[in-house]
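In order of appearance the chains are A, B, C, D, E and F, and numbering begins at 1 in each one.
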Amino acid sequence: MNSDRYQKGWDTLSKVNGKSGEQILAKLKEISPDMARMVIEFPFGDIYSRPGLDLKTRELLTIASLTTLGFPQGELKAHINNALNAGCTKQEILEVMIQMSVYAGFPAALNALFSAQEVFDSLAPSKKGC
Amino acid sequence: MNSDRYQKGWDTLSKVNGKSGEQILAKLKEISPDMARMVIEFPFGDIYSRPGLDLKTRELLTIASLTTLGFPQGELKAHINNALNAGCTKQEILEVMIQMSVYAGFPAALNALFSAQEVFDSLAPSKKGC
Amino acid sequence: MNSDRYQKGWDTLSKVNGKSGEQILAKLKEISPDMARMVIEFPFGDIYSRPGLDLKTRELLTIASLTTLGFPQGELKAHINNALNAGCTKQEILEVMIQMSVYAGFPAALNALFSAQEVFDSLAPSKKGC
Amino acid sequence: MNSDRYQKGWDTLSKVNGKSGEQILAKLKEISPDMARMVIEFPFGDIYSRPGLDLKTRELLTIASLTTLGFPQGELKAHINNALNAGCTKQEILEVMIQMSVYAGFPAALNALFSAQEVFDSLAPSKKGC
Amino acid sequence: MNSDRYQKGWDTLSKVNGKSGEQILAKLKEISPDMARMVIEFPFGDIYSRPGLDLKTRELLTIASLTTLGFPQGELKAHINNALNAGCTKQEILEVMIQMSVYAGFPAALNALFSAQEVFDSLAPSKKGC
Amino acid sequence: MNSDRYQKGWDTLSKVNGKSGEQILAKLKEISPDMARMVIEFPFGDIYSRPGLDLKTRELLTIASLTTLGFPQGELKAHINNALNAGCTKQEILEVMIQMSVYAGFPAALNALFSAQEVFDSLAPSKKGC
């Protein structure tokens, strides 16, 4: 059942999850309900809920990793939204991506910056100035 | 000449650089003095010196990226040292690596943890408890 | 000429190739007829025709590799079709992708699952229940 | 607590785990007991214990993924041992690596083959002929 | 200020840059003017302006690297244009990509070839025969 | 049989191959004679023997790709030797690696430079000045 891990994961996710993350989860549930459950249980229930790093730092670290991987722009956009919901500023998010040019190269950094712009452009007007 | 960027990079690097980073730089200077200069100028002079993120956060982000890449264990060890010098705790460094299991997979996370252990084991006794 | 390798490759490919693979080959022939020939000769003529592993297992292994690489979603979709034609069930294909979350991370696994859903959705109704 | 997942993971792992895997786990426990527990719980408790694919196929898929990643040669060696324990022949393991030359390139395939040779050379004489 | 590096970078870039590269730079300037400046200063001001390799060779090397990375198809298309402007023939560009099948695998090579075809198809009729 | 491709591959390889490449091939033959044959046939017989790019340029492109991949330092060292044998200067080889810092990041470039230094240091005194 693992209901504790799922509940803990859901509670953690609820603090940061935006529309983009919800859409990924809904799509995932259609193709693999087991994987949709494990995405809540392991990353959010087991990992993000651990003490030692706050949610804001965790979201910036995830943006660093996804920028480095390069291919997962859909997940990156979801975590840009999560990062904003966790209290990161737009400038902090962009700084992470700019720094990644040193370690993952300029193409990885540029692709991430373009994904950030798409997310920022899609924000409600009231959040645009953040 | 770019002496301002080099000086700024050197100042930033001096705040965090450990023995492991110094050895990499000395080795690099032998094979390519130009690259040894550019490593100071661009990553440390242009990027790490930017406002928006503190040095401690920047070192954790670099650890996330190097853990994700997987292959650069030498540079990872240098930045584990840098992170400690920037004020990160051992536990924070391990947390970053554990979180990376979600995005870069368990082998990447495990290799990083083994590099962390090597660095922690090599610390002077007075720092071992940190 | 290498006509034996080409013929052997074509015979092997014919056992599994779906519409998606044919489209990739036709597109490839336009830009580089040599490469279109070598794609038949080396992967299918030299490798997939080898004894030691059956075609079904080979297609699952290819799905594991493409899921791990992350970026080649077009080739992944072609091999999801090939795997179905080789006798793999939908559930086996999804299992491979879910397992890859351990080694290549969740974003790689999720992107693969979304590609699987696209392929499954595009199947003729008679195959949908497989 | 998650004791069920840990027990299930341990049971699954016990069917295939060799000396090489045990050493990795023991080393991991020293640096991060939490991660050593999660490596049992998630990959082996949640994933390898799932129905749908047998252990032998799962080990071959893992070898495909680790060969593709390229950098984790230590984990690859552990899973070559696991694969032999799960009933894979040496020839099947080599076939997986040879096939990966198509998707991950020749350097990735060659490095994996060299790791296989190291593992095969270290086997007890009674197993050498397998 | 770094105005010398920017000017030198701009001069180098002007020799090869096509419409596709200009669009990337304009988009980048919107989201991060600092990064748009550093893309001129470091890659083009510091690196491409160095003696030791001519611009034509440098563009082919970049195509090799971007083909190997796999994910940055937008940057790859920009550099296919740059390579043509630097005096590379279409056939040389395709040869680089075909060779990459050996080191980065067939999916990486194929994706690059498809990007090349898109760029070649978009060229003005007068250049199509090149 | 494919004896033409093997012979053509061997002829091409003989023009550039150094001790480091020979050792890799000998080791490979022990674990998989088929793969040792295919490494001659496909990369060297089919690809390097193609017209359109000279051997010197092909070796620099391979160094760009291996630097970008990051993990295959053994193969990289073999190709640094090949590149020298094909007529590349040490400075050209280093330039390729330095340029890769832009696309694959600084850790990839630095690791390649350290491998170059190892190869250069192991050269016979008469070649050291090249």
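Here is the rule we go by: a residue touches a chain if its C-beta (ideal position, glycine included) is under 8 Å from a C-beta of that chain, and two chains touch if they have at least 3 such contacts.
Computed from a predicted structure; not experimentally measured.
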item	value
Count of contact steps on the shortest path from subunit A to subunit F	1
Touching both subunit A and subunit C (chains)	B, D, E, F
Comparison of B-C and C-E by number of C-beta pairs in contact, larger one	C-E
Rotational angle, Cα trace of subunit D fitted to subunit E, multiple of 5°	180
Interface sides of subunit A and subunit D: same vs different residues, half threshold	same
Whole-Å gap between the CA centroids of subunit A and subunit B	24
Centre distance in Å when subunit B and subunit E are each reduced to the mean of their C-alpha atoms	30
Inter-centroid spacing, subunit E versus subunit A (mean Cα positions, whole Å)	30
Residue list for subunit E, restricted to those that touch at least two other chains	34, 38, 42-43, 50, 66, 69-71, 94, 98, 101-108
Overall pattern in which the protein chains touch one another (line/ring/star/complete/other)	complete
Interface residues, subunit B side, partner subunit F - complex	24, 27-28, 30-32, 34-35, 38-39, 42-43, 66, 69-72, 74-75
Subunit F-facing residues of subunit E, complex	42-43, 47-48, 50, 52-53, 57-58, 60-62, 64-69, 91-92, 94-96, 98-104
List of subunit E residues in touch with subunit B within their complex	2, 5, 34, 38, 42, 46, 50
Residues of subunit F touching subunit A in the complex	101-108
List of subunit B residues in touch with subunit D within their complex	70-71, 94, 98, 101, 105-111, 113-114, 116-117, 120
